[in-house]
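Right after this note come the structures.
Look at the two complexes coming up: chain A is in both, with chain B in one and chain C in the other.
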Partner chain A sequence: MSENPWYNKGLFSSLNLREKTLLTIALTGLVLVVIFICGTMINNIPTNFDTKMQAPSFVHIFGTDWMGRDMFFRTIKGLSLSIIIGLGASIISSIIATILAFLASSNKYLDSFVSWLIDLFASIPHILLIMMISIALGKGAFGVIMAVAFSHWVNLTRVLRAEVLQINTSEYVALSNKFGKSKFWIAKEHILPLILSQIFVGTLLVFPHAIMHESSVTFLGFGLSPHEPAIGIILSESMSYLAMGAWWLAFFPGLALLIVVLLFDIIGDNLKRLLDPREANN
Partner chain B sequence: MELKAENITFSYNKRPILKDVTLSLESNQIVGLIGDSGSGKSTLCKILSGHIPNYKGNVRIEGKEIEQKGFYPVQLIFQHPEKTMNPKWKMEKVLKESWNPPQELKDTFGLKENWMNRWPNELSGGELQRFSILRAINPNTKFIIADEISTMLDAVTQVQIWEALINHCKANNIGILAVSHDIKLLDVICDEVLYFDEINHI
Partner chain C sequence: MIKINNKKLAKFIGFKAIRLLILLIVIATISFIMIQLSPIDPVRAYLGQRIVSEEQLAIIGHYWGTELSLGERVLGWLQTLATGSMGFSLIYRVPVTEVIISKFTSSLILMLSSWVISGFVGFGLGVLAGAKEGTWIDKVIKTYCYILQSSPTFWIGLVLLMFFSVYLGWFPIGLSVPIGQLSDTVTIWEWLDRLILPAITLSIVGIASITMYTRDKLINVKKSDYFLFAQARGESFWGIIKNHGIRNILLPAISIQFLSFNELFGGTILVEQVFAYPGIGQATVAAGLRSDVPLLLGIVIVSTIFVFVGNMLADIIYKYVDPRLRSVDDE
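Showing the complex of A and B:
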């Protein structure tokens, strides 16, 4: 039996593991939803040159930047933008993965084509691919979402392809075939319900990657445009002020990004344990 | 009607398993087939019911090739019913994938109404096997290949299930090929018993 993760110890030890897992998912989900909703409600962050470059205090808990803007609000806004991009990218990449997995199952030639495509995309460094696609699609949120989606379907496709292949050799699919059901019917009725949980978990696990990559391409200048307060923009702008001792410009947004990524990872892992029957007994 | 398999030859990765197997089955007949484990009985069953396509020889009904598309008139009942059902389907959907049998047929096979809303892993092997037999006796079925369908059932259930199946098949002119290790069972239910070693020329 594997070691309990840190978030399943201590405070809630009176609950059973299933309840704890559900609680973890609910709490982390709540935090993310709150961040997202707060972020969408922040539309106007006032500039105030009287309070520029202030270190963290109780008035401005994350400090202020060189234009006197409150870094806490900018961080939250940036995180909600990251969540939107992550959501778009992971949903699109799961759709691509599902379609390719079904294509691979339909015949031998398509299967080797899909395997070849997987190897091809897996062999290109992610960040390079994301930069190229993002530039080609004109940067901005759309470019970043597409870039992340088109570079992150690989792992899920591999898993789904194997899963579909295994289901296709099962006796109930063979029997369904002999009951005169069409391939499409079998894919829709037999296979899809069985791989739905995998798709769901796969989507959630792409989320943290999507957010990290969005920030890194934006940081490098190939992603969102500078007027959008994305975390990547905040971090890259702060670079020029770090030498002046304004550590809070990079520290808090970076930490917040890390925490959001971690929260998504926790949801993904816990959901996987709930839905995957092989891990359900742990 | 006659199901006839002629000169069936098949090998797994160059390891020959069936050679020149010929057998025929009439609609009003119950033929037993007995043989050792691993001798290729199940492979022959799968060939007869169209689950394995790339064999040599031919399987015909009334001298005609069997249409691959649509409902296959030769239905195989597997040994392990739990593997033949999608674990995410309720039993009602499992049954209706083939057809919607009338209530009296459900009663003959002892299907209880409250089983319909359960998942396959909530029923026992014997209960599941009743479903898979009922699925196989669709009105379009002409022949049934029963591959050790009662090995995991207790004696009472075995009798019940075989009796119901045989009565239905006699009434509807469906031929049965019963494969088993249990020679006593085959002696009781079959019109004729074949020995697999005698028809397989390997």
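Showing the complex of A and C:
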């Protein structure tokens, strides 16, 4: 008898690796969707000065802040805000990446221009870049989304550029070229369908970084405005109450943010495994 | 001994220097334009909530040159930059270069110590995880790295601050000097006391990438033929790891560590904000929030040089020091 690996025991023993990956993706996706929907449904969190600064209990599982607002609801609201901003930023950044990758493939000069652009953006510290773009666009949600989007396209562009270059050397592209098809037609019909999964995975992998950077700049005061219940705002507010021992103000919202980031990471990794046949067996 | 082809290296560094120069000019221009385009009125942001009459606003505006056109301002900025001066900081009221030098040195100590700590610890953990691949040690280290990669730096700082400073009371809550004391009179211990927590926070965050990289590399080495042959010769396991594993992965790991200057700088800004450590990070945030444009632009330029030097060192290690990658004509 060969030894039964751990993942073939118990509840999910009848599933194969592919089904398990799908199950993981579905479950993590469900959690995120639930957080998101709950967050958008929470519109006003009642202030109640009788219950201010309470430590976590069964009534308020994350405790309450100095205005008696329930930290659990504030956290969920903040997370859904983070998800919206992350979504906007990662979609815009992958659109930028795709356009630049195609530009790079079209001719030699544009290619060196794009690599120069990559070098340029890679050599300014991310946070500084985000801060500056956010300042330039007047802060707020729009500023943060654009700032995060314009600082996170670099990696995906590198990947896509290499991919497009490789596809460009293939025989069917050469053949289409000889048949007199336009470059745009080739890009649309031959290249885009092949890199679509890469773009999709790339978007998902940008997500965790986007969320983290959003909360970082918001924490520093360059992101969302202070009356918005973002996680970065909650954490920077909590700084003033730390010395009083109000640990729950910072601990739980940060932990919740970490979990959301981790969930997006898991989805991204699993999807990559699902869509990339080379890694299917890992 | 490491042999380095000096002539080629000099050419490489010269090439890089020209690149850096072009990069700096572009970045200086773009960031200047970006900040000038901002809808935030610098005079208003600088004054904050203070109530000022219209005439005084106009005087400040004139003093700062807000009525000049964008082109004039960009040219003026580049001209002063070419003379080596970065202007006058509006909030510290001294030349920007002075502010940056004093702030950057205190941050440099923080960054350097955490860089060294995270390098050593990360490399050690990576070797351990790679050598013990598949065991619980490996799993613990891997999980730790995954979690760290997704945790916001400033939150780790907050948690450490809450636990060690507020709950246990081992370390002071912030600032690099005790309140009511001049920075020249601080003893080295008082100062170290305040450096430990920020440095630890930064190192904890920096460990993840180097550990994962080292682990993957070591696992690759373990799959190689020379590893198998060494095992067949009967060498001890840790002996092989030392002679064949570490020797092969040390240089790439060091160059990866040099490439992390970008994140290191970003982390420093956040950590300094959490621990109220008066370094370049605090200066950046203050400059950004209060629209101290000269200082902010100066920091952008200096940090770009910092990151660029890190990347260049990584390149040099990769191309010139590593004997496997030196081409034949280098010898």
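Everything below uses one rule, namely that the second predicted complex is superposed on the first by the 267 of 282 C-alpha atoms of A that agree within 3 Å, B and C clash if a C-alpha of one lies under 4 Å from a C-alpha of the other, contacts with A are read in each partner's own complex, and residues count from 1 in each chain.
What we mean here is this: a residue touches a chain if its C-beta (ideal position, glycine included) is under 8 Å from a C-beta of that chain, and two chains touch if they have at least 3 such contacts.
What you see is a predicted model, and the numbers here were worked out from it, not measured in a lab.
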Which of chain B and chain C A:131 touches, first, second, both or neither: second
A:120 touches, of chain B and chain C: first, second, both or neither? second
Which of chain B and chain C A:222 touches, first, second, both or neither: second
Touching partner for A:262 - first (chain B), second (chain C), both, neither: second
Touched partner set for A:180, first chain B, second chain C, both or neither: first
First (chain B), second (chain C), both or neither touched by A:77: neither
Touch count on chain A, higher of chain B and chain C: C
Touched partner set for A:20, first chain B, second chain C, both or neither: neither
Interface residues, chain A side, partner chain C - complex: 119-120, 122-128, 131-133, 135-139, 208, 212, 215-216, 219-222, 235, 238-239, 242-243, 245, 247, 250-251, 254-255, 257-258, 261-262, 265
Chain A residues within the chain B interface of the complex: 170-172, 174-176, 178-181, 190, 193-194
Interface residues, chain C side, partner chain A - complex: 19, 23, 26-27, 31, 34-35, 37-40, 146-147, 149-155, 158-159, 161-162, 166-167, 173, 262-263, 265-266, 269-270, 273-274, 284-285, 288-289, 296, 299-300, 303-304, 307-308, 311
Chain B residues within the chain A interface of the complex: 49-51, 69-72, 75-76, 78, 80, 83-89, 97-98, 135, 138
